[in-house]
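Which chain is which? They are A, B, C, D and E, in the order written, and residues in each are numbered from 1.
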Amino acid sequence: MKTIPLEAYFAVSMILFGLGMLGMIVRRNLVTVLMSLELSLNAVNIAFVGADAYMGLVEGQIFALFIIALAASEAAVGLGIIISIFRYRQVESTDEITDMRG
Amino acid sequence: MPWAKGEDFGDLKQRFKNLNIVELDTETSLHIDKENLIPLLEAVKEKGFKLFLDHSVVDLKDVFEKDKDYRAVAKANLLAFPEDKLSRYQAFYILYNVEERKRVIVKTRTDGKLPTIEKLWFAGKWAEREAYDMFGIEYEGHENLARAFMWETYPYYPLRKDFPLEGFPEQDLPSLNDVILGDKLEGTMNYNPKHTIVPTLEDLEITEKRRLKKKAQIVLNWGPLHPGTHGTMWFLFDLEGERIVQTDVILGQLHRGVEKLAEHEQYNQFLVYTDRMDYLSALCSNQAWVVAVERLLGIHQLVPEKAKYIRTMMSELQRINSHLLWLGTYALDLGALTIFLYAFKEREKIMDILEGITGARLTISYPRVGGVRMDLPEGALEVIKAFIDRFPRELGDWERILSRNRIWLRRNKGVGHISREDAYFYGLTGPVIRGSGIAYDIRKVEPYDAYPEVEFDIPVGEVGDCYDRYLVRVEEMKQSIGIIRQCVEKLEKMPKDAPFMMESPDKKIKITLDGLGLKVPAGDIYSSGENPRGELGFYIMSVGAFKPYRVKIRPPSYYNLSIYPHLMKDRVIADAVTVLASIDPVVGETDR
Amino acid sequence: MESVIAGLIIAVIKILVILGVVLGVGAYLTLVERKVAAHIQRRPGPMVVGWHGLLQPLADGLKLMTKEDLFPRYGNRVLYNLALIMALVPATLVFAVIPFGPEFELFGYKIKPILTDVNVGLLLVFGLGSLAVYAIALAGWASNSKYPLIGSMRKAGIIVSYEVAITFAVMGPLILAGTLSTYNIVEAQIEQKLWYVWLQPVAFVVFMFSLLAETGRVPFDIQEAEAELVTGFTVEYGGMKFGLFPLVEWYVEVLSLSAIAVVLFLGGWSPINIPFIGFIDPLFFLGPLSPFVWFILKVTALFLFILWLHWTLPRYRIDQITEIAWKVMLPLALFNLVFTAIIAPVVWR
Amino acid sequence: MIKWVIFLSFSLWAIISGVGVVLFSNPVYVILWLLSALISIAGIFFVAGAELVGALQLLIYAVAIAVFYVLVLTAVPWEKALKKDTHFRTSGILSLPVVLLLYVEMALVFILGIAASPEGKFREAIKKLGNTEVIGSVLFSKYFFAFEVVSLVLLVGMIGAVIIGRKEKQTYENDTP
Amino acid sequence: MVKKVFEKPLSWIERILFIDFIKGLSVTIRHAFSKTITTHYPYEKLTPPKRFRGFFGHKVINGTEPQPGFNEWTERMKIEVIPGKSRCVVCYLCKKACPVPQLFEIDGKKVESGKKVVGVFNMNLMLCTFCGFCVDACPVDCLFQSDIHETASYTRKDAILDLETLERVGKDWQRRRDNEPDRIWIDDRQRERLWYENDVRLPEVKK
């Protein structure tokens, strides 16, 4: 049993990141855009952790933890904004919000 | 007799020209014309008559049609402006002065329109809805004149005298056997398949739609069949998250037209229907009715002492019984599942006692006009004594689980707070008003049966929240134990063959056990009894026949429930059960 | 290669044993609960099917199986059924990291009575345990009905709040043991001759409260509060589907979390512990079986205690529950954590 | 060998779930696919030997963060949203070249990066002490400042979310039936 | 006269040591180890008290009729006295006293001697409220309420009591319970299960 090559991690990471990007571009719905963003963040995490495993480091894992933490705050703020938009504007798609006045 | 005297209203006599003050043996009433009604009610309220008791209407159609009845009624001075034969309805408002302990009836005449009193008493709003539902009286300025019990598209006004007891044969309703087995039933089983129309789903939808304006996103249908509503009440909560923005109540799921039936039953026979009003405290309702009829007959002093004590003792047992069910379901609603069965254990003992003495567990029908149905059986007093000796200990056990439990305190304290003014405004009675600190108890105010001779305290709360109501009811159970103990002591001293039915000394009034041929002279009375849920009042109008002309029942639960939407404003659903259970309505009584 | 196959076989046997025991015991705990409740309420409980109702769970199961499967008209059928699976799987998966006893030898193989002794076992427990939120939220949403929606919202709110409190509460014992592996935590307690409940009473109380909250036991059973919401998020479920939710919530989860409580605070399979004296084993005559018996006894005792609470106390209101979580339990757990983190390195090691 | 099988199956699972996230139109299904992707990524972390990150991925990502999405989704009335087409079709196709470009760029960076990678200096320590402990010691010494900054950001995010999501209490006039 | 209810607030010691919970728990555990009080219904049944208002029955003529009332009424209504048959004198008093008089269907029947006996006596118990007014009204102690309380049936027809059923119930009652004393209940042993804590001492049953 040998260790898994770094390229494998990177390949998975790349595919998921691309899917996340695609989702962010294609999605009309605000919440699903945020979800695609989460997917991209996770892809980055895979790259970090894979590199660590290959190279025997821990820095990548630490950064993965930071990313998780930041994703949490991003989700909280993003969903908060979405809820307030829903409440005041009753819209559900990104192109219906054209100004920043809330 | 807690009726106001004529001299109390001397100054009003000068203000209102048409005012006519009538003092009868059974009541004091103020007769006023429709135009001056609201100013008079305002003036009376300012004089201290702050507590609203009841309001309804009497349809005088039959009185005017039958000359004999009209003469009897006019002679007894029951009508406001008896010479006015065009106005078909007589409205009455029963008010109470809590400080001076006086009651008064305001009577007025109308041909179908009345000014609303919803600004003076909120309870009047509900009473007016009921009168609108039953008589079709239009109330000018009423905010929500929707039908109280019947559905919105119902074309009739059932309590009018031209609505027959059997209804109108309009719609086919096959009996269940016809549908399932194809049986053609004969003889006594052959029901009339034609009925007055019944509501369809569309009718119910219209009823639901015709309500106060929707205020929030989610409308939660709470009821008609829901374990938290203690019966078949239908609440509509407008919810914002879990917060209740507005509450609407749709009653009438158990409406059986008891008041209409009363007009077609003899005085004694109506006893059976009082069982089925507040079915948890049937005996107290029986007693209130029997006492009302006895007072109307003027024989309440002649009832033998033994019967009085038996009635008092039994109705106090029934009060404990009812409060036990309340305690059990209240605890169940708040999640303490075990108290429910503990309470039912003790309740079962009371049931055993009641069953042994009266022969029934729920629909008791034990008192009779002039006494009780049967003497106490052998061993009854011993069993009751054994029960009341042990009961305080059990009550203490439950209090140990609940009263000082932090969860119980958090769920109850500060929830459903009723101020004193609100209590008057919404016409509350019973433990609900006593929880707000007002010592209003019919057993002290207008004592009946053996209550003047026994000693007991009126428990009152201070704040008026659910916790106070809980403590008041628990304390009431302890006081009832005291009353029962005194009654048992008294009954033990009485000889075994003491009479339990009244024997009239002068044969003028013939009273038998079955009440056949009980003719009551013309007159009217408002008499009430203290039910476990509040003041159960009967307004009886007699034209001197075997059957009452009009019986208006003042259901305590109905008016106690009227404060519920007010209390539920800005609370969460979990408080809905707490507040509802602490008000403790019984649907058999709210709907009648 | 042979050792790999042996390991696989042992793992499969462990899985089967744990699954069988958990689900079977879970079903029979319904009978235990009914009996306990009945006797607290002065009733005998089920008495008809079998001796003292011993076959009652089977009869109930049969009844639930043969019932009609109802489905709300505008619900979402996929999610409606998925919610069930999502409730059942994580709850049983938690048992993978519960050590039932010490390592022992059988036919020359060393067997640890734990499915996987992961380094981060405890984190897994809480991660998996709180996956139940999805089941509940989806069940409420997929039923397309208001009562289930309110019930599932309540429950999800509780789980999110108490997940935080429970995670901070277990930090104390973790610091004392110095490991995240459940097996090692028990060994550390045995080594140090002290149950952590003596050192971490505050953490224990917080843990017990969170346990009750997460499993929806009284005083936190508001997600189903039959007086308010009929049965909460299971209103629209019928038959065995209705039966599985309480089975998972009230029995399997309670069992797994009380096993975790035993592992963390009550010394796992160790016998009775008295501070400054050590372990006393009144069951020494059972020999190598005694640790397993002790473990089972402790879990049973905790379970019975939870039942006892359930049938005594009233229930809180939803806002009060979250208030307690954030205003009482979380500060307590945090304080306990900080206190332990400061004191433990100085005094303990 | 077994490791490869497990890794491949987890990756495949993750990619399928990612496709699901992009393609499904019902937001509730999307969140479920995202959840599945998160769990499979946690599996990849376990394969890579990063147990702590894997467990935290499960505990924080899969449970805490995704739950917010579920709660928001179930609380918001979606009947209107579901009726609409939830994808920008044309812009999606137009964006494909950009995504491809991104792929090429990333691949380049990765390949160049691998060539210039440092050798593992913690390998021995990880073997001896275990992953968690090493991460802890590095996190709280070398990256302490970053840790503090992240916690501050979290706090700010929390407060911000509370303030944004707060709602002014509406008052209604007092009318009852 | 007026009593203020009051409970003092929880003290901090009670709060921290959970004394309120412990008090409640002590009560429930005590109950858990006490005797159970339930009656296992379909397998054991309590005997209803003698006054129980259950199904109706007609007592039959066996020489224990209330005299002289019975003789007066048979003479007045011209009723043929047949031992072993219903005591009913077709006076319609029960129907008059009933709040729901539709439920009675009573008719007399001529016999050869020119006198009458009761021919039809149907009671539709679907309408009945079991109030007992008809029993109070019966002048000859004929109509009575027995202790039969399990009255469920499959069809509505079964809810009609005809004369035969009434007489059968009556005979059964006279055989079993007519001679019992008027006591609150007679099955002391059965009631003991619920009442054992209360220490009830009832006077002996006089046979």
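One rule holds for everything that comes next: a residue touches a chain if its C-beta (ideal position, glycine included) is under 8 Å from a C-beta of that chain, and two chains touch if they have at least 3 such contacts.
These numbers come from a predicted model, not from an experiment.
Path length between subunit A and subunit E in the chain contact graph, taken as the least number of steps between touching chains: 3. Steps from subunit A to subunit D, taking the shortest chain of touch contacts, total 1. A count of C-beta contacts for the chain pairs C-D and B-E puts B-E on top. In this assembly, the chain whose C-alpha centre lies farthest from subunit A is E.
Subunit B and subunit D have Cα centroids lying 63 Å from one another. Put simply, the C-alpha centre of subunit B and that of subunit C have 50 angstrom between them.
Across the assembly, subunit D contributes residues 52, 56, 64, 73, 131 that each touch 2 or more other chains. Counting only residues that touch two or more partner chains, subunit E has 21, 24, 27-28, 31, 37. Multi-chain contact residues of subunit A (touching two or more other chains) are absent. On the subunit C side of its complex with subunit B, the touching residues are 37, 40-43, 146-147, 150, 153-154, 218-219, 221-222, 225-230, 310-320. Touching subunit C in their complex are the following residues of subunit E: 21, 24-25, 27-29, 31-38, 40.
Against subunit E, the residues of subunit B that register as touching in their complex are 175-177, 181, 183, 185, 187-189, 265, 268-273, 275-276, 338, 342, 345, 348-349, 352-353, 355-360, 363, 365, 373-374, 377-380, 382-383, 386-387, 389-390, 397-398, 400-406, 409, 439, 444, 457-462, 467-468, 471-472, 474-475, 479, 513-516.
Within the complex formed with subunit D, the residues of subunit C that make contact are 76, 79, 82, 118-120, 123-124, 126-128, 130-131, 133-134, 137-138, 140-141, 149, 152-153, 156, 160, 163, 167, 180. The residues of subunit A lying in touch with subunit D in their complex are 1, 3-4, 6-10, 12, 14-23, 25-29, 31-32, 34-36, 38-39, 42, 45-47, 49-59, 61-62, 64-66, 68-77, 79-84, 86-87, 92-93.
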